[in-house]
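Heads up, the thing below is written out as structure tokens.
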Amino acid sequence: MSSVAGLKQSVLQANLDIVRDKLVVATFGNASGIDRNNNHIVIKPSGVSFETMKSEDMVTVHIDGSLIDHHLRPSSDLDTHLVLYRAFDDIGGVIHTHSTYATIFAQAQVPIPCFGTTHADYFRGEIPVTRSLRSEELGERYVTATGEAIVETFSNSDPLEIPAVLVAGHGPFVWGRTPKEAALNALILEECARMAWHTMQLNPQVAPISSMYRDRHFLRKHGAHATYGQ
Amino acid sequence: MSSVAGLKQSVLQANLDIVRDKLVVATFGNASGIDRNNNHIVIKPSGVSFETMKSEDMVTVHIDGSLIDHHLRPSSDLDTHLVLYRAFDDIGGVIHTHSTYATIFAQAQVPIPCFGTTHADYFRGEIPVTRSLRSEELGERYVTATGEAIVETFSNSDPLEIPAVLVAGHGPFVWGRTPKEAALNALILEECARMAWHTMQLNPQVAPISSMYRDRHFLRKHGAHATYGQ
Amino acid sequence: MSSVAGLKQSVLQANLDIVRDKLVVATFGNASGIDRNNNHIVIKPSGVSFETMKSEDMVTVHIDGSLIDHHLRPSSDLDTHLVLYRAFDDIGGVIHTHSTYATIFAQAQVPIPCFGTTHADYFRGEIPVTRSLRSEELGERYVTATGEAIVETFSNSDPLEIPAVLVAGHGPFVWGRTPKEAALNALILEECARMAWHTMQLNPQVAPISSMYRDRHFLRKHGAHATYGQ
Amino acid sequence: MSSVAGLKQSVLQANLDIVRDKLVVATFGNASGIDRNNNHIVIKPSGVSFETMKSEDMVTVHIDGSLIDHHLRPSSDLDTHLVLYRAFDDIGGVIHTHSTYATIFAQAQVPIPCFGTTHADYFRGEIPVTRSLRSEELGERYVTATGEAIVETFSNSDPLEIPAVLVAGHGPFVWGRTPKEAALNALILEECARMAWHTMQLNPQVAPISSMYRDRHFLRKHGAHATYGQ
């Protein structure tokens, strides 16, 4: 992804993907992507309907937060995206949705256990929940603080092995090497959340699958020894 | 919204919105709007299918209940709408549906707690349930009494801060500054009800989000200090 | 409905209605109607896909079970329909589906309580479950015995006040004054079952609405004092 | 099914059926078929989107696993399909999906009881869950070992009487006399799983239907005395 035009197109497409996949209720959703060569981030504009949104409506900002190219305001969640791009070096796209089941786990403040291979093919373990924000984080810096709470949650884990998080009382943030991969991860997350919810109701005692079984699936798709490309 | 024709169009659109958003089962749904300048209310006619309904089929009545302009009978829920417009000065549109999850809470007589920011962006706290109607309210004045029970429920709260209610054993009434806003609120209410239901099953001990977190979201969209328009 | 051609058309339409309303999984569904003047019953043929079914494929049989006009075999559930038409004088259409939530109550052998006005507008009280069939009823006369168990369930109630039943371990049979009304009742039944299921999980202690509230709704649509036509 | 071209077409169609029936999330699904005359198996290729897949993209392999005709790699689940065709002589098609409710039972490691006639029309008893795979089965031979665990589960039952299984922590494999029948069984399985899940929540004490009631349904569609063709 070398040109800004290409990045705008792929960010637009990721925004359309999450609508097509029914991960967006009303306007609760946004996607972004980054060009790591010059630290330019492209993100969905605020207050534009998904139906009429065009590639050229995407907003370009520097990773330091300064506006570069825009005729519309960036998504109000921009500052969370910025924190994630700064902290997680290898990610190339970020998605935020309020998709139903992922948001249910975020609201219930329950991590999503890895109950099966659907989950293990994309996430190497449970999807964590952030701590709740402290009162002093709910002021001006709220959107940034949300990103910081996410980064804190990953202090001991690799964000490309668990490319999603549940913000307590809010909803999921999901990422990937590209905006397209982030959108796919957001779709898989929602389905894994739906199945985990029902699995827990059906058998409250069930344990996650073994780490060996999980890695049998995760590692054939990811990492140095992946046996098939994504 | 100055002309009756414009109001009829926006009421028709709100009626179509709730069908598009799958909030209406069979014919259980109706939308209305008010022109506060002359206290004219426009409401869906009774017994006309949503598919063939036209702007000119909308019925106009005075806020005192007298018919002004109609070739069809008004919705059988008219009297509830009238009570709401009389009691809640700032509302401009009212919606009634039997949308699935909101109706489930109404039937279970359980308020919908504010478990997350999806809810807090539109409703400043839990969605209340009315008291049950008394036997003597189930006669001729039944539809009016339904409205009165709603108004009673809001004796200590601002209807524009909580623009929805669950009528016990019946279903939701939702409102807003315009018919369009009421229809959007009805959609968000249904999604919040769906997520709250599943949140409570997943974690029966979970508490609502803090009032500070809730207001961080509600107040950036509503009130004097809103940072972005609706 | 005087001509057989008209009845065939309305039975075809009822069969298409239940597919459109997603009440039919695979081929689990059939609709019939009766011309009471000559006791001719028209029913869906067996083994024809809903997509390609035509009005002239409908099978005509006498209420005594003898075939009158057919180039295809009648639905394998015919004998149940016959028993219902013989026992319930005022019904004009019968529908059988395996619609998801109604079938869930049938499988769980739990009646569907009247928890709200959606239910009360169409059904004057809970939807009953039949007794289980006895071993000796599972032989040759099985399909007829199913009908007899339904009729037994209504020995003390009016089938037009409760126009639906859940056959234990099987699924719903629904009826009405016409095939079209039966199809609408089947749709409302499914939605009431869905809402009742979720209502019971949310509040296991909740009681049905009062008989007075229930009748306030049922009787404005049905019976001698109905205030609006169907 | 005499020609490879015909088999490729019917395998393609089965792959499209499971997408149409919403049994496939992302790319989690594949169908195959066998020509028993020469032991040729046709299976979905790996890494091709369902939208653009053509009949000629299907991969042909011998039942011993050797590639016969392909310009694409076979599905990564091929080895499981091979084990099933070798062990179950009468099956002609195999389907694997991660369909939501069947996968939920697989994850919860709970068999799907036969609670009703929808289930009994297609499956003569509960749908079993395989044992968990042992650590030594999670290496190179993992995909084959999955098939072996399935075959082990059927050591005392007839795979054409129970044409489906839940692989623990993974999802369903389903089969039939043809790819088309396997795809239909996969759809019925998903609906039976959905209804069983809700039945168990509604009435945790409910028992499966009697074997006599079950066989009344299963045997009229299957076996020597079937009274109507499939």
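Read from first to last, the chains carry the letters A, B, C and D; within each, the first residue is number 1.
Going forward, a contact is a pair of C-beta atoms (placed from the backbone, for glycine too) under 8 Å apart; a residue touches a chain by one contact, two chains touch by 3 or more.
All values reported here derive from a predicted model rather than from experimental measurement.
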- Counting one step per pair of touching chains, how few steps separate chain B from chain D? 2
- Item | Chain whose mean Cα position lies farthest from chain B | D
- Query: Any idea how many Å lie between the Cα centroids of chain C and chain D?
  - Reply: 33
- Message: Nearest whole angstrom, what separates the Cα centre of chain A from the Cα centre of chain C?
- Response: 47
- chain D residues touching 2+ other chains are 201
- Item | Which chain pairs touch, all of them | A-B, A-D, B-C, C-D
- Note on the structure: As the complex stands, chain B meets chain C at residues 25-26, 28, 46-47, 76, 98, 100-101, 103-110, 132-133, 135, 138, 142, 169-171, 197, 200-201
- Query: In the complex formed with chain C, which residues of chain D make contact?
  - Reply: 115-118, 121, 184, 187-188, 191, 194-196, 198-199, 201-203, 206, 209-210, 212-213, 216, 220, 228-229
